[in-house]
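Once you've had a glance at the structure underneath, I'll fire off some questions.
By written order: A, B, C and D. Residues from 1 in each chain.
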Amino acid sequence: MTRVEILGLELKNPVIAASGTFGFGREFDEYFSIEKLGGISTKGLTLNKRDGNKGIRIYETPSGLMNSIGLQNPGVKGFIEEDLPFLENMDIVILANLGGSTLDEYLEGIELLNNTSIDFIELNISCPNVKEGGMAFGIKCNTAERVVKEAKKVSKKPLIVKLSPNAENIQEMAYSCVNAGADGLSLVNTFNALAIDVYKRKPIFENITAGLSGPCIKPIALRMVYEVSKVVNVPIIGIGGIINWRDAIEFIMAGATAIQVGSGNFIKPDISLDIIKGIEEYMKEEGIKSLEEIRGII
Amino acid sequence: MTRVEILGLELKNPVIAASGTFGFGREFDEYFSIEKLGGISTKGLTLNKRDGNKGIRIYETPSGLMNSIGLQNPGVKGFIEEDLPFLENMDIVILANLGGSTLDEYLEGIELLNNTSIDFIELNISCPNVKEGGMAFGIKCNTAERVVKEAKKVSKKPLIVKLSPNAENIQEMAYSCVNAGADGLSLVNTFNALAIDVYKRKPIFENITAGLSGPCIKPIALRMVYEVSKVVNVPIIGIGGIINWRDAIEFIMAGATAIQVGSGNFIKPDISLDIIKGIEEYMKEEGIKSLEEIRGII
Amino acid sequence: MKENYRKGIIYKNTEISPNIYELVLEGDFHGIPGQFYMLRGWDWLDPFLSRPISIADIESGKIKFLYEVKGRGTHIISKLKKGDTLSLLGPLGNGFDMQMEGRIALITGGIGIAPMLYLAKKLSGEIHIYSGFRNNAYFLDQIRPYVKTVKIATENGSIGHKGFITEIFDPKDFELVYACGPTPMMEVVLKMCKGIVPVFVSMENHMACGIGACLGCTIETIRGMERVCKEGPVFKGEEVVFND
Amino acid sequence: MKENYRKGIIYKNTEISPNIYELVLEGDFHGIPGQFYMLRGWDWLDPFLSRPISIADIESGKIKFLYEVKGRGTHIISKLKKGDTLSLLGPLGNGFDMQMEGRIALITGGIGIAPMLYLAKKLSGEIHIYSGFRNNAYFLDQIRPYVKTVKIATENGSIGHKGFITEIFDPKDFELVYACGPTPMMEVVLKMCKGIVPVFVSMENHMACGIGACLGCTIETIRGMERVCKEGPVFKGEEVVFND
């Protein structure tokens, strides 16, 4: 009943674990069977291993949090060798979330991923926490367009481009990416944000700004998904502050085919199961046979 | 000690009541003497009286709220006749918040305000809740620049331009407005946002989207004030989710000369007094003689 | 200068019927029937807004509220215990017109019964109450001493008339009607009473400031948009424009 | 499969010293000394993150936590009463190495004393505890039965040595040191013990997931960035890179 299809691939349900909040699934699999999820987006990968940022990485804000992890990850090769084997044995759709600071880095990463069992590449052109870590690509349409075009040329996997809410114009950005070959879009990544330690008289984070996520951003993220769904014709994965089934349904009604749960995982490790169950109950109650019936209904 | 100066005018303290959350001060004055504030920004005025929007106008979100009031106001003349007399007898700096849907509307409004005792015009080029209610002006630099340039020509009052966080590029927008003659800037107005009733399968608000405010947006608003303070040299009034003295100090450290309290007034009507007191105590504790010492310190 | 957002200390907070709570606070509270307070039972930012709740009764040194747990705010309030504190802003709004006399009907639907005890106590006419509920009747025992008759209807017929309360009410028997409840009920009451007897209705709307400043709680009236928290919550029935 | 985020019912939650609370929950809880739980004493979204708190003791059918009210999260937890429920995720982290024996010093600063009762009970060596506080000593009465000596220092001298606990501690007397407290204290301990006796430190950091997935709680070690919630919270002292 909750099945959805993205670019020919079937997901058991529309609930995907969001990149960076779920590792490579192993830790969460100790708490619930992650095969119950529709999919998992991996921690953001870069071509080479990265240590990530120093200093405070997590800071709580009203109904949300800021993070500045800085893409700590084992590198694409490390992922393929150490983490993918665990995931590929599972009945779950895998999105390899890929960041990069240069075009070449993206392209080499894609080539390595081409020959693996991952299902989608989720191209992160929007990580705000690394200097040139993709952020620059996610703001202006023309730079985004260039990366996506080249990525599409080399990618053998369907390409989902993850948009930044910091983009100057989210509709134009979405349109540009699709125009350049994006097979799907996911949005939003975190909002560029600031917090200051008033006693130290310094920003909380070493990088000055960091990425804001969680329920606090949901109303804005939902608006962006709605706007984007009006201008593109590819599947959209809605992300931003989703913590319950109502949130998920709102994103679907705004036009999303699937949704990702990020910060919500920190409230309760199996929050996604609650969301899936809630969606099922809502569908029964409302006599909805397939989520297609309500997708983009507003 | 908490005194600040904006464009030659002295404010007792940097705390100003934000437009639309404080009416014309009368209701709040029943709960505390509003003369204790540094200033008040009036409910958004338009040349002619407006009834505002129908349907739900207020909707709670995690650590914030969405509103779609639609600039219900008595019109500039009505304000001058009915509401200004109460305010002008007070020892408080008055910002007349002015919206408009056409350039002419803005200019006529300014001319009426020129001959009154108000201290500043706060030009609202950013209200998301009225069709053409200024929102269109607040997104793209060139349209904003045009309005500000013309407004500046006719205004005899110092002109503070209130920026929308929905602007495509907040730094370029700030720069354009100052270039066009803005004497100061205030930011941010509300974020364009969406909420959906999953049972009615319709947006909560009749206008579909509405404006998000409150503590949820603070980290983003603070980042924007910081960014703007790096590119302009005029006084900045920081707005967005301020509910305590720490928030206020953060905005000042990010470069603001004064701050406005909006949604915070809904938590506790005299929340601004707590903020003022907190700022004083912080200054004593830290041996700060004037807020100038910490302005833009990060 | 009015009293500010103040703390009240909880004297009792008990479930008198499933999901229906009676909350009593100690302190010197003011207000007339039909007025309300904005309640806040938490120090944090989610939920963000305070909740408007009518005065159910005021006696020397105590105020009573009657509320139904609907969403998160009322849920949190329902968890508070004797001795806990709660912030309150009020009394707010206009309240019922207390000058009226004669044969008066109070018509309530569900939790709309909340302001009626205090109203019945303070009104001087001959009062009859008509209360509709879904399954369980509540609060009427407290009201009974102050009214001439009590009529009950429940949707499942477990007590009183089976059906809607408006089915057993005849407007011709009265000189004045006060109604408080769900909008559909109030619309029926207004239709029934039109041209026969004047009706006052107590309206609800989402509120932010509660004191008339934000214009968030307006409803359409024949005079234009008016604030439920300031011009209301009590309106003359024929002045309210219902759109659905 | 591990137990999930579960509810615990509060058996007691009492202030044992100004701002210091002892929280006891009923249930069948697991964990070794030095491990922690993520606690959540609220159903809403602000505060957003759960709070990491060490296991202070586990006895059959009960778990004990000792915590200091610092900010909003611990404040809310401190208001909970017997019978209220609390969500917990755990046990998390590595915990102290329990294989060690010999003459062991436990050095604590402030609330860093929290994991030491359980540790002292479970360790088999000869244990001496050195505890520093600002003004008031607490929790030591419960620890006393399980240790050979108790040394106290307070900054104001109200009890024990006036000054820092590190001033009355001699690393040469010990074969092993466990330290838990503010970073500056742990740095002093490490400096004193360097080349003399091995030290294990329990580290703190802001946490989001608590289970090793978000990489939010990493600290710098000689092996690179490591997660306090997974590789820690207990680290070999010489492996931690302190930067200030």
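To be clear about the criterion, a residue touches a chain if its C-beta (ideal position, glycine included) is under 8 Å from a C-beta of that chain, and two chains touch if they have at least 3 such contacts.
Remember, it's a predicted structure, so these values are computed and weren't measured experimentally.
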So the chain most remote from chain D by C-alpha centre is C
Chain B to chain C: how many Å between their CA centres?
35
Could you work out how far the Cα centre of chain A sits from that of chain B, in whole Å?
34
In whole angstrom, how far does the Cα centroid of chain C sit from the Cα centroid of chain D?
51
Residues of chain A touching at least two other chains:
61-64, 214-215
Specify, in ascending order, the residues of chain D that touch 2 or more different other chains.
45-47
Taking chains as nodes and touches as edges, what kind of graph is this: line, ring, star, complete or other?
complete
For chain A, which residues are in contact with chain D within the complex?
20-23, 27-28, 30-33, 43, 51-52, 54, 56-65, 67, 69, 72, 214-215, 243, 263, 265-270
Report the residues of chain C in contact with chain D in the complex, numbered from low to high.
42-47, 72, 75-76, 79, 81, 84
So in the complex, the part of chain D that touches chain B is made up of which residues?
45-46
Along chain B, where are the residues that touch chain A in the complex?
61-64, 66, 168-169, 191-196, 198-199, 201-203, 208-209, 212, 214-220, 222-223, 226, 241, 246, 249-250, 253-254, 282, 286, 294, 297-298
List the residues on chain B that touch chain D in their complex, please.
62-63, 215
